[in-house]
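One structure below.
Order as written gives the chain letters A, B, C and D; numbering starts at 1 within each chain.
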Amino acid sequence: MKFWRLPLDAGSHSIPIGELHIIKDRCKGCGFCIEFCPNQVLKEAPEFNKKGYHPPLVTKQGECVNCNLCEIICPEFAIYSVLKEHKELTAEDIAGYSEK
Amino acid sequence: MKIRYQPIVPFNREAVDRLIDEQHGLHPDDQYLKPGRIPHIWCPGCGLGVVLNTYINGLKMSGIPIDRSVVVSGIGCTGRVAGYLNMDTYHTTHGRAIPFATGISLARPDLSVTVFSGDGDLFAIGGNHFIHAARRNINLKVICVNNFNYGMTGGQVAPTTPVTARTTTTPYGNAEASFNLPYLAHASGAVYVARWTTFHARQLVNAIAETLAINGFTFIEVIAPCPIGYGRPNKIGSGLDEMIYYKENSVVRNGADPREADVSLRGKIVVGKFSEEKRPTFREDYEEKVLKKFRRTEG
Amino acid sequence: MSDSGILSGEFFMNGDEASAEGAISAGCRFFAGYPITPATEIAERMARRLPQVQGVCIQMEDEIASMAAILGASWGGIKSMTATSGPGFSLMMENIGLGMMTETPCVIVNIMRGGPSTGLPTLVGQADVMQARWGSHGDYEVIALSPSSPQEMFDLTIEAFNLSETFRLPVFVLSDELVGHMSEKVVIPPPEQIRLISRLRPTQTPDQYLPFMAGENLVPAMACAGEGFHVHVTGLTHDEQGYPQTVAQVHERTVRRLVDKIRFNTSRIVRVEEFQTADAEVVVVAYGCTSRTAREAVQILRSQGRKVGLLRLITLWPFPEETIRRTAQGIKAFIVPEINSGQIAYEVERCAQGRAETVLLPMMGGTIHTPEMIMEAVKEFLP
Amino acid sequence: MTTINKTEIRLAGFGGQGIILAGHILGKAAAIFEHLQSVFTQSYGPEARGGACSADVIISEGDIFYPRVSLPRILVLMSEEAKNTYGRQMAKGAVVLIDQDLVQLDAVPEGCSLYKIPATRLAEKLGRTIVANIVMLGFITSVTGVVGYEAMKEALFDSIPSGTEELNLKAFEKGYEYGKKQKSESCSQNPE
C-alpha cells in the first residue's frame, strides 16, 4: 500500500523513540531480543561479556520505538528501554512502513 | 555419649551483602527481585526467565502491591521462581505447592497467591492436588511452565512429553500419551484457562494481569523452551530455535475448545484464552454457607 | 461458650473430641485433614466447631495435602492443625520434614492404630513412636507428647500448640486408638486459666530483619505472609536470610540449630509423672493407654508390699534421658510395656547404661496389656 | 489403694441399635451428673450397621486406670450374636438384662440374676424402634440403680437431638417403670 500524500491526521500521531539500556554482564546470549525485535534494532556484539556470551548491541540508534518487547522477553533482566522522545510522523516514515 | 561438634562458621551479613550483584538496581524491575539472587540458575535459552519477567510485568499492570502478593512454588527448575521474587515466597516440596498455597489463601484471603510450577511438579506428582484445588475453586493463580520434560534432573519424560519425543528415560521415543493441560484444567473446574508460549510475552503479561484480577482458580499454561532437556534430544535446537518454532507454529485461537488443544512433537500449537467463567470460590461459599451462620452482628 | 470460643465446663467426651476442643482453646483456627479411623472424630468436631469461631476447616484430597495446607496456613499467620493415624502419618512425612526445615509451628495429632500398612484400623497400637522421631528424612529433633486420657488429650493439645509456637516446629500429639475413642470427664477451664503462647514476631524493620537468624534461645522470630517482610521460605538448606545455599558450612549451622533448639531446651520441654518411684526397686516405664494399665498393676503390687513404681512418660520426644539415667541408679529393673515390638524400651535401655536391667513387654497391637502381664514381669524381680 | 467400688458394665447388641449411645449416656450420667468417675470404651467391627458391638462402661468413686471391662457386673444383651460374642463372661453375682424378643436366654450362672424386657417391642409401640436403647437405659436404671434416675434423665437430655425429648422421655419412663415393677416382683419372690 502506498500513500500519495501524508495523511491529514498525521499531526495527531507520533512515533515514540526509545533508548535502550543493556546490562551487558547479565546477558547469557540467548538471542531472543535480537531475533524478535520488530525493528531489528539489535545485533550480537562481537565482544564477549564477563560470562563469555555475546550481549546484544544497538545497531540502529533512533529506530527503537520503545515497544519494550525486548525488555519483557529477556530472561535475564539485562535489557530495558525508556521513552526518549516522540517523533513527528514524516512522509519518509509512512513510506518506510509502507514498503514493509 | 560425648559429642564433639564441628565448629560453626557464623553468618556473616557483610559477606552475604558482598554477593549482591553490583549491577543490582540497574534494571527498573530489579525492585521486584531479591537482592543477591540474580543471576538465576536457569540455562541460556531457557524460557523460565521470560516467564518470571512477564509475571513481574503482569503484576505491575495489575496494580497489586508486592506486599500483598505471595508466590508459592514446588520443586524443579520452575520451582526456583519463588526464590527470585522480592515478596513473600515459599519454595515447598515436590508437587505440594498447591495445597501449601491453599493454606495461605484460606488463612489470608486478602492476599494474592500465585502458584508457579512446572508440568512435572503440577501434573505428575502434584496432579491430584491440582484437580482438587480447581474443583474447589481455591483462589489461586496457577502458572504452569511446560517445557515437556523434567529439566532439573536432566531431561526425563514428563506427563506432558509428546508421544515419540525423546528424553533420557524414553531413549526410543515416548510411548505414553500426554496430558492436554488446558483441557484437564477446564474439566477440573478452573474458571480461567489460557495457553501461551514464551514467544507470546506480551499476551502473557496481559493474561497474568487479567488472572490476578480474578477471584478464583485460574490456569495459564506457558509453553517454554528447554534447550538442554528437550530441544537438543528432539533436534529442535537451541532455546532460540524453540522460540522461533513457537512463532512459526502457534495458532492463536481465543475461545477454542480446549479439547482441540493437544500438543504434538512437530505439530501446531493452539494458543489463546480458551475459557473464562464465574463461580463462587471455596472461601466465598464457605463464608456464605458456613461462617455467616456464626457471625455475630455488630452491636 | 465464651467470646474466645472456649467451651468452659465439664463434659463427657472422647479423646478425639477433647483434642479438638484443646485446639480450639489454644487458638487454632485452621484445620486440614483427611478421614481416617480412628482420628476422624477430630476432623468432624473441627468441621463443626471451627466455623463457630470463624475458623476454616477443610477436608483435603489426602494427608499429603493436609499437611502442606496447615504449613501454608501457619505461614498465613494462623495456628493450624491436622489429625491422622498410621497410613496418613506416613503420607505426611515429607511435609513434616518441610515444616521442620522451615520451622513452621503447627500441631499433628496421630491417633495410633495397629500397623504396618492398613493394619488394624479400629484397634489400638503404639508403634509409630520411632516414626514420629525419625519418619522424615534428614536430621532434626522433634517434640512428641503422649496423652493417657481424654483430659490429657485436651491439655496436651494446648501444650503442643504452646511448644510449637515457642520452638517453631511441627509438634506431635502421639495418642492411640484407646485414648482417642475412650470417653471420660473432661474439664475445660475458663479462658483466663488457659495459658497460651504465640510465636515470636520480628521487632526489626524489613531491611534489618533476617528471617532465620535466631537469638540465644535458638528460635528465630517469624514474619508471616503479607506483613511486608518479603521472606523467602524454602525446604532447601538456607542461610539466615532464607536464601538457598549449597555450602556445607551453612548446612552445619542450619541443621545444628534445628537440633540444638530442642536438645538445649530438653529440660524445659520434658514432662514425666513419677508414681511411687522414690523407694522403688523396679520401675515400670509406660506411656499413653499402656500407662493406665501399668498404674493399675503398680497399685495392686504396692498393696501387696512390693516396691515398684511407675514412670509415666508424658513427653516421648525429646526422650527424658536424664530421668531414666537418674532412676536407673539403685533399681533392679525397668519394665517397659508398649504396644509395639519394642521402641521406647530401646531408649530406656540406652539411658540405663547397664545400671539396671530393661525388660520389654511387647504387644503387637489390637489390644492392650492386662495388669496381670505387667505384674508377672515385676514379680520376677520382686517375688 | 486399688480401685474401689468399681462397677463394670457391658452393653452389647448389633450395630444400629444405639448401644454406643446408651453406653455414652450411662457414662455421662455417672461422670457429670453423679460426680463419679467413669470410663466409656467401645468395640465394633468395620461395618456401620449390623455387626456385633459392645459398649463398656466402668463407674467408680475413685480414679479409674485400667480402662477395660474384664468381668462385667452388669451385662446387657440386645442381640443373639452379642450374646454369643459377649454373653459368656461376667462377674460373680452379675446382673444380666436382655431384650427378651431378641435374645434366647433362660438361665444365668448361679448367683447371677436375669431380668427380661421386650425393649424393642415397647419402643415399637411408642412409634419408633430406635428408642429401644433408651427403653433399656430406663430398665437398667431401675433394675441396677447403678446411677440415679435424675442423673440418667439429665444425661439423656444432654445427649439427644432437640425435638426428640418427648419420645425419648416416654421410652425412658417405660423401661424404668417396667424394671421397677419387675424388681419389686422379684424382691417379693426372693426376699433376701
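Keep this in mind: a residue touches a chain if its C-beta (ideal position, glycine included) is under 8 Å from a C-beta of that chain, and two chains touch if they have at least 3 such contacts.
None of the values given here were measured: they were computed from a predicted structure.
Two chain pairs, C-D and B-C, are compared here, and B-C has more C-beta pairs in contact (counted per touch definition above). Mean C-alpha position of chain A lies 89 Å from that of chain D. Separating the CA-averaged centres of chain B and chain C is a span of 36 Å. Spacing of chain A relative to chain C, judged by their CA centroids, is 63 angstrom.
Residues of chain D in contact with two or more other chains: none.
Listed for chain B are no residues, as none touches two or more other chains.
If you sketch which chains touch which, the chains link end to end in a single open path, with no loop closing it.
Contact annotation for chain pairs lists A-B, B-C, C-D, with touch applied as defined. Residues 1-3, 24, 27-28, 31-32, 37-42, 44-46, 64-68, 70, 155 of chain D touch chain C in their complex.
Interface residues of chain B facing chain A in the complex, by the touch rule stated above, are 21, 23, 26-30, 33, 38-40, 42-50, 52-54, 57, 198-199, 201-202, 205, 238-240, 243-244, 247.
If you check the complex, the residues on chain B that touch chain C are 5-6, 8-11, 13, 16, 34, 36-37, 66-68, 70, 72, 82-83, 86-96, 98-108, 110-111, 128-129, 132, 282, 286, 290-291, 293-295.
For chain A in complex with chain B, the touching residues are 21, 23, 25-26, 28-32, 35-36, 53, 69, 71-78, 80.
Note for the complex: chain C touches chain D at residues 10-12, 14, 121-122, 178, 181-185, 289, 292-293, 295-296, 299-300, 302-303, 368, 370-371.
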